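Read from first to last, the chains carry the letters A, B, C and D; within each, the first residue is number 1.
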Amino acid sequence: MWLRASYELHFDITFPTPFILMLRPRSGAQQWIAREEYALSPQLHVDEFSDLFGNLCQRLVAPVGPFSIRTQVEVLTIDAVDRCPGAEFVEIQNLPYGVLNYLLPSRYCEAEQFNHMAQEITAGQTLGYDQVACIEAWLRRNISYEPGSGDLPVSAVGVNINQVGVCRDLSHLGIALCRALSIPARLVVGYLEGLVPMDMHAWFEAYVGDRWYTFDATPTTSPGGYIAIGYGRDAADVAVFNQFGPPAYPLSQMVHVEQFTPE
Amino acid sequence: MWLRASYELHFDITFPTPFILMLRPRSGAQQWIAREEYALSPQLHVDEFSDLFGNLCQRLVAPVGPFSIRTQVEVLTIDAVDRCPGAEFVEIQNLPYGVLNYLLPSRYCEAEQFNHMAQEITAGQTLGYDQVACIEAWLRRNISYEPGSGDLPVSAVGVNINQVGVCRDLSHLGIALCRALSIPARLVVGYLEGLVPMDMHAWFEAYVGDRWYTFDATPTTSPGGYIAIGYGRDAADVAVFNQFGPPAYPLSQMVHVEQFTPE
Amino acid sequence: MWLRASYELHFDITFPTPFILMLRPRSGAQQWIAREEYALSPQLHVDEFSDLFGNLCQRLVAPVGPFSIRTQVEVLTIDAVDRCPGAEFVEIQNLPYGVLNYLLPSRYCEAEQFNHMAQEITAGQTLGYDQVACIEAWLRRNISYEPGSGDLPVSAVGVNINQVGVCRDLSHLGIALCRALSIPARLVVGYLEGLVPMDMHAWFEAYVGDRWYTFDATPTTSPGGYIAIGYGRDAADVAVFNQFGPPAYPLSQMVHVEQFTPE
Amino acid sequence: MWLRASYELHFDITFPTPFILMLRPRSGAQQWIAREEYALSPQLHVDEFSDLFGNLCQRLVAPVGPFSIRTQVEVLTIDAVDRCPGAEFVEIQNLPYGVLNYLLPSRYCEAEQFNHMAQEITAGQTLGYDQVACIEAWLRRNISYEPGSGDLPVSAVGVNINQVGVCRDLSHLGIALCRALSIPARLVVGYLEGLVPMDMHAWFEAYVGDRWYTFDATPTTSPGGYIAIGYGRDAADVAVFNQFGPPAYPLSQMVHVEQFTPE
C-alpha cells in the first residue's frame, strides 16, 4: 500500500529554544521511503544524528518568533501487518544481544510490577506470540481508548489504575505486560492510515519467533497502513519533538495520511 | 590509589535460570584494570556482549543446584575524584550526541516531575557544576542515607516522599534533579573503598564543562577510591545481576575492597 | 546554496543479482536534506541499514530484466567549504576514538608506504591543516586529473606511479599522504555542482583542529556546492553501488546537479 | 581446555611515542576469560575504548626510557574448533548487516583480484563451508608457511606471487579468496597452544551456515587451543600494537602458552 503522510507543527517561540526532533522515518524491512520532504521555516542550522535505537534525530535551536515544521513522506508499506499465531517464545539465552535492552523496565513501562497480572491474563496460552495477542485482546476489552484524553504520557501503572488512555498509554501497559513475561517489547511512534480522529499514532512490537511483530491495543480495524517514525523503550525515547528550557507548546499540529497511486 | 576489590555471590538454584551479569569493569580515563578474575562454579557456557551503554555483560543459564560467582579486580584509580567548581553548563546544541540520551526521564528518574524543585534547590547558583554540587549538598542534608534499607530500587519520586534511601535511591533523586535542569546525568554502580558497611555502591555523574564529573549523595568522606563497574540511565540499566523467570535470591553476597601496594 | 541533484542508473539484469546501494545522503552539520526521492523500477523489497561508518545502505536483489534506480535530492549546502589555515595537528592521544580508524592503511590508501614522501612534500609546513593544504596543492600540480580515465579504483601507490587519475584516485593519494603524517583522512563520495564533465564526484576530508575539513585534489574552482552521499576509508567502503555475483554493468548513468531557489 | 597465555614486549623509547595496543582479549561464545593481568612499566595513564569491530584497545603515550608491557590471561577455550562440512553459503540478502563489511576488499586482502582463481580452486565444491575448507587445503599445499619470514604484513596478491608467508600472510590470501566468492571472511589475531616456534598467531574465520567458523592455513595439527585477541578485516585492523611517529621497535617479545588445570 502506498501512503502519503504529512505532519505540520507551528510554534510561536518567545525564547531561543533547543529542540530534538524525530521526524525522518527510515526505510526498513516493513516500509520503503520513496519520497520525503522536511521543511523548516525559518530555515535553520540543523544537526542530524542517530540515537541509541537507530532513529534519525534533528537538533536545532528555534529562534524567537514563528517557527514551523512541515514534513511529508511517500511510503510503500505492507497492506496487512504480519501475524503469526504460535510463534514461539525465545529463551533469554537465545535472544539477539540488541533485543535484550527491551526486557528492562523503563520510564513508562514499570514491567517489574506486572509479573502476577501478566501471568493471570495469559494463563493457558502458548508461550510467545499467543501471549502477546492475548494481552492485546485484553487491553481492547479492559482499557478504554480515549483519543485526546491526555497530553502527557501515562505509565503502565497509571493506565492500569485509570483503565483509560490514548494509544501511547495503552501501548505502555501492553509493553509492561510483555516484559513481565520476559518477552522483549518496544514502543513505535508513527502514522496509521484511517485513524479516527487522525493524529500521530503509537503502537507496540514484541519479539517472538525470530523477529518483531506489530501489535496495537487501540480498537483499530485496520489490518495495515502503518508508517513507523521512531522506536524506543517507551514514550520517553520516542518523542517526535523534545524541547528544552521554558515550555513551548505548538499552536497547531496537523497530521494527514492518505493512500495514493504512484505514477 | 591501588585497590583490590572482590565480589562473591552464592545461589541455590531450583529451576534453570537465565542470568545477565554486569561484573567485568572496563578500563577508562579514571581507572585502569591491571588484574581481573571471574570464576563461576560450576563452570558454565557464557556469552559476553556490550550493552547499549558500553558495559560488558555476561549471559548464562544457571543449572539447578549451588551456583557461585566470584570476581576480583586490582585497579589503579584516582586518589581523589576531580572537582571543578564553575565548570559550565553545556547548551543542548553543544552536547556530544552520545550524551543526549542521559537527559531523558527513565524508569527510576522521573526527571519531568522535578522542574520546579530543581530550580528552587539551585536558585542563585552558576549554571553547570555548581548546580550539581548544590543538589549533592541538598541531598546530604535532606535525605537520610540508610544502607540496607531497601532491596528494590526506589525512584526519585519515591525517595523524595520517603526522605530516605540507599545510595542508589539517593542517586536517582540526584539524577532526576540534574536532568530537570537539562544537565545530562547517569548512574554508576561499583565499589567504594572505605564504605561502611561495605557493600556494592552507587553514585552518579553529571556532564558539565566538557566531561563527566563524579558526585555522591551519601555522607561519604572519601575523596576517591571509586571503581566503576557499570553505567546507565538508572538502576534498571545497571543491575550487577539480572535474573529471569521465578526469582532466585542470593544466599549470600560478599563485597571486599582494600588498598594494596603492587609489587 | 540550494542544490537539486539527481542520479539515474539503468541495468539489464540477466541473473538475479544482489546489490548494496549507498544512495541516500544524510543530513549533517554541512548539509540539510530538505527533499529526497528514491525510485526503483520495478519496485522491489529493500532492506535499509547503517554501515560501520553511519552511511545508510539499501540492500536488494534485482530480478532478471530491466532495472532502474532514480534518486533526487534537494539540499541546502554551504556556499563555500570551511578553510582554516593554521588549524593544528591533533596528537594521537587527543583524537576522538571514532576518528582513529581513519589513520590506518586501507585497500586503496597504502599509507604505510608514504612516510618519506609525505614528509618531503610538506617540509616546512606547520603541522595540521597547512600540511594537508600543501598535499592538496601538490596533487593539483603533479597528478593529472583525467575524468573518465578509469572505471576501477586505483590505489595511492598506483596513482603515484601513473601520475594520473580520476577524482577518486587523486583522493586516494591525498588520503594516504595525510595518514602517513598521522592525520586522519577519509574519502567522501557525492555530488559537486558545476563539475565538468558532470559525474559522481569524490573528494577527501582530513581531521585537524577539532573537526573534519574538506579538500579536493581536482582542479575545481568551485568554493562550495558539495553534497556528501557516503563516507569511508576509501573507495572500497563507499561504492554507490556494490553488486555481487556475475558482473552487471549499468547501461547508462546520469548525474545532474543544479542550483535552484526554493519557493 | 584451560590455557594460560602471556605476552611481553620491551621497548627503549627515545621519543615520547603514542601507542594503540590491542591486548585485552574479550570473552565470547568460543572462549571465557577467567583471569587477566595487564601490567605497564612504568605505569602510565591509559585510555581504553572499543574499536569499530568491538575490540578493546588501549591508548597511551610511552615516555622516553625503558617501556614494558606484560599481559597474561587464563582462558577456557574449546578443545577442538567446530567444523561443519556442508554448512551452506549465505546469500548476500540473508547475511546479518554486521557481517557485510567483511565482504569488501581491504588493505591486505585485494579480494576483487581473485574472482577467477577462487572459482578455479573451489570448482565442484558445494557452496559454503566446503569451499572455504577447499581454500584452506589449497593454501596448505601451495603456499609455504615460513614463520619469521617477514615483519611487515604481505597482501594476498603478494603472497600469491611469493608462494610463501607467515600465518598472517597466508590468512590474507585465504580471506581474499573467500571474499571473491562472496563469503564474508575476517582475520583473527591471538594465541595458539603448541605453535612451533611459539609466537603470536593469526588465522581466519569465514561466515557460512549461520555463524563464523575457524580456519587456519598453517600446517598446524592442533584441533583447538586458540585464544582470540582481536578481529578485523586484515592485519591493518588488528595490530597488537600500533605505534605513531618515529618507529620504535621492540627490543624483545615473548609469547608463552601452556595448558593448566584450574584449582
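One rule holds for everything that comes next: a contact is a pair of C-beta atoms (placed from the backbone, for glycine too) under 8 Å apart; a residue touches a chain by one contact, two chains touch by 3 or more.
On a predicted model such as this, the values are computed, not experimentally measured, just so you know.
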item: Chain at maximum distance from chain D, centres defined as averaged CA atoms; value: A
item: Interchain centroid distance [CA atoms averaged], chain A/chain C, Å; value: 36
item: Centre distance in Å when chain A and chain D are each reduced to the mean of their C-alpha atoms; value: 43
item: Junction residues of chain A - those touching two or more other chains; value: 47, 50
item: Chain-level touch network, classified as line, ring, star, complete or other; value: ring
item: Inter-chain touch pairs (all); value: A-B, A-C, B-D, C-D
item: Footprint of chain B on chain A - complex, ascending; value: 18, 20, 47, 49-52, 57, 59-61, 91-93, 97, 100-101, 103-107, 110, 112, 152, 182, 236-237, 242, 244-245
item: For the chain D and chain B complex, residues of the former touching the latter; value: 24, 26-29, 32-39, 43, 46-48, 50, 54, 56, 58, 76
